[in-house]
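In the part that follows, the structures are each spelled out as structure tokens.
Two complexes come next, and they have one chain in common, chain A, joined by chain B in the first and chain C in the second.
Here is the complex of A and B:
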């Protein structure tokens, strides 16, 4: 029994790393999503090209390859990252590319009449975006952002391949040391699911909070 | 209030506007005197709403010239040359003009009070306290002071439209554009909105352009009526002339149709 408690502790240490990666990766993804999503709607063509190039590149290549670049190839150009930094960078950039399309889609879905009200009230572009369009679009982004965050959580397991001791890495360590597959992998199955549930509930709560008073408006 | 004999506040000179192959405005010219209350009537597709949208800079023009308060709306002087207006010029010109839309276009995520205060705070740098004070006066004027903290979703169509009017007035425009502001309302809610327009008509100095299908109201409200058809002004005159003794066949036919549909003239 005591032996399993020790192994469980190992896996829980890994869970802390996984949660850290998920939080920091999601934060980076959110920033990238807004930068690239708004970039694709820019009036300036080069900004649109840059945003499109980023989105297509990071959606179109595997997270596995991106992670290996961040960790093993960037040092050849003089950028050495810790495994955690490389993991956050690869996960954030990859998921950010998907979420950028969510940002763009939500903004595009806000009716023309809202933009016209902004013009008639003499808002400049940024004021309209900041005070009228984004607050409404953000509510529409939330459910898909929740999906993206859960995707990021699950994708974070790839960092075990660059020897970062996340939950999956620790499970493999326990498996190697004990010969048991059931115990470590059942444990992380439950833990991944539990973390995903927390994300789901948090997003749903935020959505409920932000849509208060909004119901019945969107026609 | 009869228009006084001064320089026009709006001058439209030979403007053309097409949507694809459809010519909405065809070499259109007219002018509006300061404080004048103008009703624009005509069949749908005749271009009357497009005029308002062009004045609000929601649509551009293909050719021609528009002067508002003496300044060109879509062109500006730079180094002694006329150039297409930039954002700063349009921003300056829009300060003179406010618009109320058929579908209200309220901000659904903001309460009534915030809908009214947002623009003065953002575009004129008015403090929240002053903006709210003025907004409450305006909401009181449209009879909705008790709804200040309500969300738009909790209001009826007529109430929403009155909030939209207060919101446009908060910027103190010289010119107000009303685009079929009662068309989307249930019949029993039309009157409360018309009452507000009526009050504005009598109590303010604003120049008002009203696109409407409420012929009875247009008759009482307007100093002058323009009848539009196919992107041109077919008839231009005092309400009594247009509604009681229309000279043009097309005006007569239009009014006949409207009366047949049960509208009071």
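Here is the complex of A and C:
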């Protein structure tokens, strides 16, 4: 039993890396989602094209290929990234592209009368977006953002293949050292599921918090 | 580092070999996912909570954990329990189970969308459960699901590079072995990216067509 405690510690160290990666990747994804999502709704055609190109590119190629490209090909152009940076960059940009479509869909679903109200209050575009449209749209985005964050958590397992010592990597280390397969893999499956549950629980809590007092107003 | 077309020509046949395996794995995995998903959806509808609840938990669990780890589980743990699978078979099972939990949700939504009157009509016509499903419910439920199912087909296609982690010689693995052997990463990895991008862009057009053809809700 004593030896397993040591190996469990190894896996928990990996879990910390996985959580760090998920948080940092989600932060980047959130920024990219709003940049690209709002970019696709821009008045300026070149901005729209740029945002569309970003979204189609990152949704069209697999996260695995993007990660390898960031880690192995970018250094050849002079950008050398640590595995953690490459992981955060690839995960954030990939999931950000999916989340950008969520941002766009949520903003477009806000009724026309809200925009008219902004005009009536003499808000400029930014003020209208900031004070009227986004507060309503953000609540609509939240559940899907939660799913996106869980997708990011799951996708983060591939960073083990560029030698970043996340949970999956540590499980492979334990497998190599002990020859036991059931213990490491079952443990990390349960841990991944637990983290996913925490994410969806946190998002539900945030949603309740943000919609407090809105019952009956929102349909 | 320069892009070298001669090197591209030289590695192309190997990459095409890999692409064949990628496509084979996607098609087989998807067939499995379509069947598994339907089974999960039907079991979860069971009135017996002792059957539907555990099934729901298993599906949630599979959906909440990474495909890569599931592939490792199938590839490394099952042989210890006496079931040795070839890498490709393990990969197809992994893809099929993982995406089966996603297609199950599509089936569930599609089945829920069939009007109650249809169930009642089936009962009024004295059809048994099998006849009700195959002759009344599924023929109506399936066509509107086609776009969403196709969507997961594309998503799964983009996940197949993960199979390289369990030594399936698909496109990504071929590209990596070429890259490691020649110590040139730029061409193989970029070509793999381009391959996925081209297929995805084409399939987006196909998906739009499917949505127009089947996705109408009337």
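Observations on the model:
Definition applied: the second predicted complex is superposed on the first by the 218 of 219 C-alpha atoms of A that agree within 3 Å, B and C clash if a C-alpha of one lies under 4 Å from a C-alpha of the other, contacts with A are read in each partner's own complex, and residues count from 1 in each chain.
In the analysis below, a residue touches a chain if its C-beta (ideal position, glycine included) is under 8 Å from a C-beta of that chain, and two chains touch if they have at least 3 such contacts.
The shown structure was predicted, so the numbers you read here are calculated from the model rather than taken from an experiment.
Superposition of the two structures on chain A leaves chain B and chain C fitting side by side, clash-free.
In the overlay built on the shared chain, the residue A:202 is in contact with neither chain B nor chain C. In the superposition on chain A, contact of A:175 is made with chain C only, not with chain B.
Of the two partner chains placed by superposition, A:27 touches none, neither chain B nor chain C. Residue contacts after overlaying the shared chain place A:131 against chain B, while chain C stays out of touching range.
Contacts of A:53 after superposition on the shared chain: neither chain B nor chain C is touched. Put chain B and chain C next to each other and count what each touches on chain A; the higher total goes to C.
Taking the Cα centre of chain A as vertex, the centres of chain B and chain C in the superposed model span 110°, given to the nearest 10.
By the touch criterion stated above, A:114 is placed in contact with chain B alone, chain C being left untouched. Residue contacts after overlaying the shared chain place A:12 against neither chain B nor chain C. When the two structures are aligned on their common chain, the gap between the nearest CA atoms of chain B and chain C comes to 25 Å. Across the interface of their complex, chain B is touched by residues 113-114, 116-117, 119-124, 127, 131-132, 135-136, 139, 213-218 of chain A. Interface residues of chain B facing chain A in the complex, by the touch rule stated above, are 56-58, 87, 91, 94-95, 98-99, 101, 103, 105-109, 111, 118-119, 122-123, 151-154, 167-168, 171.
By the touch criterion given at the top, residues 1, 61, 64-70, 72-73, 76-77, 80, 158-162, 165, 172, 176, 179, 185-186, 189-190, 192-193, 196-197, 200-201, 204 of chain C touch chain A in their complex. Chain A makes touch with chain C in their complex at residues 56-57, 59-66, 68-69, 72-73, 76-77, 150, 153-158, 160-161, 168, 171-172, 175, 181-182, 185-186, 188-189, 192-193, 196-197.
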